[in-house]
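What follows are several structures.
Heads up, the next two complexes both have subunit A, just with different partners, subunit B and then subunit C.
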Partner chain A sequence: MVDAARQPKIDVRTYTEVESVEGFVGNFKVTLREKAKHVLADRCNGCGDCARVCPIEVPNYYEMNLAPRKAVYIPMSQSVPLVYTVDLDACIHCYKCVEACGPLKAIDFSQEDKYVQEDIGAIVVATGFGHFDPSVMEEYGYGRFPNVITSMEMERLNNSAGLTAGNLIRPSDRKNPQKLAFINCVGSRDKRYNPGCSNFCCMYSIKNAVLLKQMYPNVDITIYYMDIRTPSKGYEEFYDRAREMGIHFVQGRPSLITEDEETHNLFVHSEDISLGRVIEKEYDMVMLNQAAVPQPDQNHMSSVLNVVQSPGGWFMEYHPKLRPIDSPTDGIFFAGACQGPKDIPASVAAGSAAASRASRILHSEKWEIEPIVAVVWPDRCSATTKGRACGLCVKACPYGAVVIDGDKAAEIITAKCHGCGGCVAECPEDAITQMHYTDAQILSQIRALLADKPEEKILAFRCQWCSYGGADLAGTSHFEYTANERGLRVMCSARMDSDFIYEAYRLGAGAVLYSGCHPQDCHYITGQKVGAKRADRLKKMFERMNMTDGRFRVEWISAAEGDKYARVLNEMQMTLDNMSPEELRDEIERLKPDMEKRLKRFPGVPGVSEAMDYSDTLVDAILKAKETS
Partner chain B sequence: MSDLPNETNNNEEELRIGVYICHCGSNIAGVIDPEEVVKFAEGLPDVVRATDTLYACADSGQRLIKEDIEKFKLNRVVVSACSVRMHEPTFRGAVAEAGLNPFLMEMANIREQCTWAHGHDREGALQKSMDLTAAAVAKTRFLTTLDMIDVPVTKKALVIGGGVAGITASLDLAEQGIETILVEKEPTIGGVMSQLNKTFPTMDCSI
Partner chain C sequence: MSHPAAVRTFADEVKAIPGGEHLELCYSCGTCVSKCMIQQKVEPDYNPRRLLRMVMMDMKEEAFESPTTWMCSECDLCYQACPQEIHISQVIAAVKQLAVDAGYTSPLTPVQVDEALCSGCGICSMVCPYQAPSLFEKVVDGEIDRFAQVDSNKCMGCGTCVGACPLGAISREGVSNSEIQSQIPSPDQTIPDIITFVCDWSLREGADVELLESYPADQVNVVHIPCTGRIDPQHALMALDSGVKGVLVCGCKPGECHFKRGNHVAKCKLGLLDTMFKQIQSPHKEIRFVQIGTQERGRIRHEIDEILTAVSPAKEAK
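Take a look at the complex of A and B:
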């Protein structure tokens, strides 16, 4: 902690939140909100005279709310930086602190939150984890029975720097407890709350038990566990040591804690698997090893950073095995438990790993990004053909990369374009194309995918960042789904041009899936919204055409939702299975003229008519090759 | 930056497409017969070379593609293998080493999005592998050469969160000479670790 404060290259900004992150790798623009401390950092010497005279006491979060702090406070004596903060929510404005501070004049009630913009090349996200609140588990009585506490509360009670100076007392009578129990997996490995393992709690409860046994050799300590998980270096040996010290281990998950109303002693009801029977034991105090859960503001941070969350809410890495530190956004990296529960050595390792990944970029003079940008054909823009630019492209762009200057054709500022393709699909004149995802390229892919028995096929449009990743995860997890799916990747759902959908139905596709990220996860800020609006329009139109419900599906599927991808595809297959072949064929034929009408202008798009000619040859070749192979 | 994509595409030259079907050991070949897909691909327009390979991503697989580019004068490459999230950079690199623009390589995902998801339907998986390969071939027909875009780099890092992971990342960055802003929402850095008494397994102090 002090090392960080001392290191001249580190600018520590506490009491500060990240408001927004814009830009891209090497060129992020970050807005920080430096919350008003009402204390001037360069004048405060940390003497604490202000807190001593402050008449207000409120619970201190740092002491797990077991001890009070003043309205002007530092959370702990070793705070870094050693600068006091005035909590205005608690303050009664008596200004005794100002008086006590005297000539230092460090307290300044006129201070306001400050918004600061910073240019940043790379970002490391190390927002950590939160603690599961066990009061929702009524069976353990946390919050009702004073002597049932969480293990984080225990940390502060046996800590020499804590509220009791390390003298372990129990809350009900402040006596030193003699019989203690720890319960593991509280809220973790529990399908009601968090199915996952919290990773470090086994070692954590053993640590606390060993610590107490060292401090109070005569106390009787029992750990209730489901499995003991000690896979890292030196951990199993540590567990052995705990057993040798006489700490009891009971395999069984307690089902109930009851309390003696007079003594406030507790009775833990549990199965003991090694005895093969149900036991009930009395304790002075019980510690609940609560699950590690995502931070309460993790959803908010996920939107600020535009990063995806895994099931359960943790931040999701680009690839769980091969790029475990990278977020899906180039230039943003994860460190520590914000990705999932990690113990201290793993968090430190991840911190170093994230620094290393980030420094690849920060040590480079320039960084390469993909040239998948939009390009305008000026002679097709309505500014040229009709004398007035319609401006839909400008509206679709989340980055302000499309500009219309007077009566001139729309223009793309390449350095600002991130390549979502929203402007391309929105342009009613088909005057914009996207490098590497041109209409001609996508059309010929559609034709190839629907060459053979199109009525049996489900054409699935997926965005590169989320739903393509979801489809990958379905496969990696071996979630089986219909092999009639034919996937097609574009960068963003914003690129999924209505013409592609019409073309798929014109060719006789059985069903079409229009999928992308959830709105808050979009890699292109608001690209998904552009795609979603169009999808909604298409959906309503197909409804009006009496298309069978389910033949056009719009689904937002994150890279973490492999199960959802598989489920949606299987449901779409069921839609097709529920129609008789004649019924489906009739519907396809009935809708075809409408699709053709809507596609009238499509062959006029540069490259498309050539792609159509080519596709005719290709489709023949595909059918022939399938016959002979 | 490249010029505008030519409206009638830039394929004045004769197209020569090479198609590589990866076994990925038994990950793909355990469900479908890659040779069937090879035979199929041979029948597609402009495909002058189609073959299977045990591991396309291995040195031997990449070497095969690179040598073929020269031997068969390939100007487009299709690799039917795994996810682009896995190996697109690998194969772009391989074709670039052989002198081909990396954006003239296209992948078909016949592992994550085919054999791994359709183990229950081998014939379906085979048909899908063929169609995905054909779609990749179709796309290459209209691919154009592209150059990566260089962007400048601001040599400053932001670390969000002042717990043990954030502090470590900040120190590592700073010790490499990188200006680092360490942001913490609470009045002190330290995070959960600073609240702990001793830490396992060495029982040393946490601050």
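Take a look at the complex of A and C:
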């Protein structure tokens, strides 16, 4: 941090919050709130005279609230920049600090929060992780038994720069503990709290044990674990060393800690799995290795940055294997544990990767994006035809790429568009098209796929990222499924226009599959939700029309679920097999007029509606989009 | 290429029974084993984690013969603590059901009904936490009469029915009225200050049990019962009649009763007794019901000291 602050090209803004992020890759407008310190940074020399006279003491969160700080404070001696802050919530306005500061006149109670806007080319998010509060696990007594502490508290207690100058003491009587127990997976790998593994606790609990054993060779340390995970280079060897040093390892997840109310010693109750017996051992102090969880304000940050969260709340990467550092929003990158628990080596690697990804943007004159962007044909937008834009496109876009300015036609900020096609399918006026996935292109595919014996075919709409991958996997894994399937790819289930489905049934398709990602896997933040909502409407509509159950199916299939893809298609084939040809034909004929009626306003359905007129304005719009992209 | 046909494993059978579904999520972390009191208190071979493992490893016979299959009392202490949210008692119940279907029988000693005394009132079937007793009809001397009968694979031996039967018609060795009465001193013996009836499960093995035994016999007399549900008001009355000044009944915390709800039955009976005492304004004697949780190490000492102080002469003199 000190080094970073010295670097002339790094502008460190502490005590500052990101309020909002607007714009797009290369052109972000970021609003920052520089919180009032009530101390003028250019006058404060960090002498600390103010803190010495301040009569108020409050717990210091930096020391895990184990030690106090004053109402005017720096959290730690290495603070960057070395400028004090007045905590107004604690301050009693005695102004002793002002007096102590004297002629420097660095303290200024009239200072207010300042809002500044900066032009930013790329953003690296490195907000890290938070800590699970083990007091909700009554069985471990944290918060009730003074000598049950968390690993973060242990980090402060055995830190040579910490409150005890590295002299390990236990809270109840400040004596040096002789027998210590560490408990792993507290709140991690626990469906009641956090199902995931916290990644680094196994290693840091071994690290803490080794450090303590080096400092106090006679302490007795036992680590209780479910599994010890040492998957990186050198980690297993470190674990070996710990065992050779005499650190005890008990495989068994403690079910209970009780306390002797006089000595405040603790009894850890667990099964020793290797023995198959329940054991209860007495310790002076117990450390709980609590789960790493998302930051408490992670949801808020995710909406400020307009990025997505994985199940569990961590920030979600664009692609777990191929673009692990990128967010789904161009120009925003993740470094470190904000994306999921990572230890220091992994966090540093991610930080370097994010920096290099970001510098590519900063060094480019022009930024190329995928050419599959959406384009509005202003002539058809209801703003032009009816005087008022309906705004459905704005609602559908997960990236805020569609804007409607007053009574003008909708417009797409090409640099922000990721090409899910949600707006294209949602637009009731068919005023938006998607380059390389135009209605005309998709319709001609539908027509070609259903050209021959359509009643025998199952038309499967798949999204590029999940169900298409699922179908692929079904193929490469040789899972057998019906040969009557005809697959068709779009980028996202959001692009699966109702009109495509109507057209398929108008042409007499036997069955239609509407498939995409599971909601949490959607590549386009909320594109799947747009698709799912539409699919739901279609499903209800076909039910009302008494379509045979199973002729229209909506399924969310991940790229790993090849078996599911095959199963769903075979089930659909079974639905068709269970109908007699006459029955199927009658149903197709019965629904046809309805489909035709629904397609009347859709441009270019042979024999049903007029072909779309590619007017100059659309061509202009497309050319413009090409230029900007 | 020929593929092996699907084989229905023991695990499949267990998983097909509601409650057994999540069996395979088990981490084998041992939380359930150490949460459960049975291994430490009565059966060293009792181990729910290992039973789950036996199911997964297709060890059917071993599982059917394992004490775990038969001794789980469905208290669900372990369920609350399992990090994989496996409903362990239901998995065990599924194994037990399969064992019973396969002709295995419970090794526990069930209660037995003495038909000569049984009136067929059905109270036992109402109080039993396991629906072990039921009523049946048979012709006696030309008349249809009703009697209780007990499903020996369901009875866990808590004795709640024994404590509830108004006619002493249902009982079992180890929990019979005479055996409990024999632990209460008769007026011609040394009379302690208090008598405590303590259930077999609420106190922590080791420290707390030792603590209870450490009081001198002329101060505290300890009567062991399998469950507070077994307590019969007449035992409390007999105790007071013998001259003790206080009766302390010690059972599990609400929600932690080893026999699911014996402690509720006890609370109800002791509450009624207390009200009756107040109504007849009997000279003040203490009857207390305390419910101690597994986490409350050392609490029994406070409870005993408190009731001892309450009944001590110094207090009476005031």
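Here is the rule we go by: the second predicted complex is superposed on the first by the 368 of 629 C-alpha atoms of A that agree within 3 Å, B and C clash if a C-alpha of one lies under 4 Å from a C-alpha of the other, contacts with A are read in each partner's own complex, and residues count from 1 in each chain.
Simple rule for what comes next: a contact is a pair of C-beta atoms (placed from the backbone, for glycine too) under 8 Å apart; a residue touches a chain by one contact, two chains touch by 3 or more.
All figures in this text were calculated on a predicted structure; none of them were measured in a lab.
Legend: residue contacts after superposition of the two complexes on their common chain; A:173 is shown touching neither subunit B nor subunit C.
Shared-chain residue A:543: touches no atom of subunit B or subunit C.
Which of subunit B and subunit C touches more residues of subunit A is settled by the count: it is B. In the superposition on chain A, A:405 makes contact with neither subunit B nor subunit C. After overlaying the two complexes on the shared chain, residue contacts for A:586 are found with neither subunit B nor subunit C. Of the two partner chains placed by the overlay, neither subunit B nor subunit C lies in contact with A:379.
For subunit A in complex with subunit C, the touching residues are 138-139, 141, 185, 189-192, 226-227, 251-256, 258-261, 267, 269-273, 276-280. Across the interface of their complex, subunit A is touched by residues 27-35, 39-40, 44, 47, 49-50, 78, 81, 83-85, 204, 206, 294-298 of subunit C.
Listing the residues of subunit B that touch subunit A in their complex gives 1-2, 4-5, 7-9, 36, 39-45, 83-86, 103, 109, 111-121, 124-125, 127-128, 130-132, 134-139, 141-144, 146-203, 206-207.
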